[in-house]
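Here it is: the structure, laid out below.
Labels run A, B, C, D, E and F following the written order; every chain starts at residue 1.
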Amino acid sequence: MVYLTRVERFNAAHKLWVKDWSDEQNNEVFGRCANANWHGHNYSLHITVKGTPDPFTGFVMDAKKLSDIVKARIIDKVDHRNLNLDVPFIPSDCQPTSENLVVFFWQELYPHLPPEVDLHRLMLQETDTIYAEYFGE
Amino acid sequence: MVYLTRVERFNAAHKLWVKDWSDEQNNEVFGRCANANWHGHNYSLHITVKGTPDPFTGFVMDAKKLSDIVKARIIDKVDHRNLNLDVPFIPSDCQPTSENLVVFFWQELYPHLPPEVDLHRLMLQETDTIYAEYFGE
Amino acid sequence: MVYLTRVERFNAAHKLWVKDWSDEQNNEVFGRCANANWHGHNYSLHITVKGTPDPFTGFVMDAKKLSDIVKARIIDKVDHRNLNLDVPFIPSDCQPTSENLVVFFWQELYPHLPPEVDLHRLMLQETDTIYAEYFGE
Amino acid sequence: MVYLTRVERFNAAHKLWVKDWSDEQNNEVFGRCANANWHGHNYSLHITVKGTPDPFTGFVMDAKKLSDIVKARIIDKVDHRNLNLDVPFIPSDCQPTSENLVVFFWQELYPHLPPEVDLHRLMLQETDTIYAEYFGE
Amino acid sequence: MVYLTRVERFNAAHKLWVKDWSDEQNNEVFGRCANANWHGHNYSLHITVKGTPDPFTGFVMDAKKLSDIVKARIIDKVDHRNLNLDVPFIPSDCQPTSENLVVFFWQELYPHLPPEVDLHRLMLQETDTIYAEYFGE
Amino acid sequence: MVYLTRVERFNAAHKLWVKDWSDEQNNEVFGRCANANWHGHNYSLHITVKGTPDPFTGFVMDAKKLSDIVKARIIDKVDHRNLNLDVPFIPSDCQPTSENLVVFFWQELYPHLPPEVDLHRLMLQETDTIYAEYFGE
């Protein structure tokens, strides 16, 4: 069992804001992340699959094909987008925190991976000092 | 003459969009950067001053004081902000490209540095693959 | 279950030196790390907690609050300090290796985390080529 | 139980090419990686061992000794080499993909580690966007 | 005058070997870089142009167009290639050192940049510890 | 004229402390950097020489020889040392700030470089957010 990771990047805007809360409550809980006119990040997404290297190709999975699937299912929908407004698979009543994003990304990606690999981990780096990980359970 | 550089970071939203152009023209010129609902970046700003190290302190300038000035004049006004809408010193008819931002940042910072140093360079890194530099001339 | 990591940095001096050993033995075992007048490092500490994202905030835990706790319990006590002499929670007869430090840091941090998260991992990077990890068991 | 990681780097040439396949099939499966005259990478190898810190030295294992063993068994044989042609422990009918390399490296390194540690993980980074991991099972 | 830099990456094989020298002389001068069966690197190329930001777009030059030109003129010809054998613009009697490569790259790129910018600098990073720069004179 | 840079790293302890000042004055000016028992850093030193690539070797200068000279003249004397106490070429009444260090390093290195190159720049990175540069004038 070998683990292969592919890294993809995207740039997006977001804010953290609970609609049912007052401005004061949002600002108290989310601080500068509640800025009404949004802010944004350069995100890095690490996608790790596990499997047995193919005896001919030596690939757990062709990293280029993994990249193509991740781009089609996730990156093309979030890159240069607003994570609160523009992404069909992010519910409008959910905060686009890194913790929630890795779970939504998992749900989008999982059904589209080939049978020879298992999705093992998604890691989403939001800044130099914050990242979130999800292992599907 | 020794050069001292301090690095500060901020996260902001922006888009590239010329108001007098049609949607088609904006999308053709700016591509995904024209997304109506914004996108964003983790920016790194390198501020370089030059001067002679003080014989007592060994400082060209106290890096902590340089950081305080840069935060008061620039970072506090752009961090977790929308560069098109929220920043008083960015004209609303100017695109917030890295090339324009380093010039605006220079104009904000230059008058507030102490007389013992000269501002030498601003470098603004927008992504892993794009950065802009300005030397004041 | 989602894992959230916050990264904090500190700069400290230390040396590796067993008091009951001769100079020769210390130099043989620890090499340049036994330099009598100390040396030092820029350390990066990765603090990983796990939990369920809050349905309102989308946070496993507010990363700012996690940072505040880590700073109060660890970083303020080790940053710009001597790890052999200045830190109350590092026993004077224990070497301040990265392996020992992550265990001491765990003991300091563990009791002060809020009940909604579990401390999952501490990772301490000492140089570009050496890091230690502890999972609490 | 504490985990200690040492990072070593090497630069090598390789290509991906199945001898029993036609040129067309190789180019279709491996793309630019099948270039007849090779290409190459700067590789980073992360070697993680686990054990209990020694009560005197504070070491799970002396990182310098770990480095010496990894260099003697792996790095000296792959650095500035051709991974398809020059390395005795890489079978000529196996592709030198990162997934296969971490398994071959594990087999070379495992028997030579001291009894006080267990080899936990090998991670081989091939580019900024691709890495493979192996845990020995 | 603002400077804009775009970073492009490529992976290539090469060796350092003077045909008119004996094996001994080559090995003495070039060490492991003379390995007969090649070795390789992940290269990063920083391309810096200078000019005045356009009053409408805020661009010194569209970074995407700069990337397209660099890819067409340089990256497509060196990526996943052998720098000694496969690249038409690298003379077979010249060593593919980083110092020589930045000059050859300059000659290839210079005539194809648009008139509104000047090529200011090429920087080629070969490893974490070696890079070369050329300013065209 | 091509510029070649070699990067070397060292780990050292230091403090900032003017002997003729009171404790209060030192603490006010230097803050945590005045900690009596020292602190430390992982330093990166970038050494840039300029010259014409040799027509046979393609080298401005053999990077390995440059590394050997820098190690003999600088790194061996500062690595795992105390910059205030252990280094003959750092005057005891000078603060070991990065600004002063690059000048002292220049003076040590300059006379020992071969005639075919000029020393162009020393850059010393002290932390992720602070670095100093010196060009010899």
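Please note the rule applied: contacts are C-beta pairs under 8 Å (C-beta built on N, C-alpha and C of every residue); 3 or more make two chains touch, one makes a residue touch a chain.
This is a predicted model, so every value here is computed, not measured.
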Legend entry - Co-neighbours of subunit D and subunit C - touch as defined: A
Inset, instruction - Can you grab the rotation angle between subunit A and subunit D? Superpose on CA, round to the nearest 5°. - result: 120
Inset, instruction - Since subunit D and subunit E are copies that touch, just let me know if over half of their interface numbering is common to both, same, or not, different. - result: same
Legend entry - Equivalent of C-D within the choices D-E, A-D or C-F, defined by over half of its residue contact pairs recurring: A-D
Inset, instruction - Mind checking the centre-to-centre distance between subunit D and subunit F? Centres are C-alpha means, answer in whole Å. - result: 34
Inset, instruction - Report, in whole Å, the distance between the mean C-alpha point of subunit A and the mean C-alpha point of subunit C. - result: 29
Legend entry - Centre-to-centre distance between subunit D and subunit B (centres being mean Cα positions), rounded to whole Å: 41
Legend entry - Sites on subunit C at which at least two other chains make contact: 128
Legend entry - Chains touching one another, given as label pairs in label order: A-B, A-C, A-D, B-E, B-F, C-D, C-F, D-E, E-F
Inset, instruction - Report the residues of subunit C in contact with subunit D in the complex, numbered from low to high. - result: 16, 18, 21, 29-31, 94-100, 102-103, 128-135, 137
Legend entry - Touching residues on subunit F, where the partner in the complex is subunit C: 9, 11-14, 32-33, 35, 37-42, 79-82, 85-86, 127-128
Legend entry - Interface residues, subunit A side, partner subunit D - complex: 1-8, 48, 53, 56-60, 62-64, 67
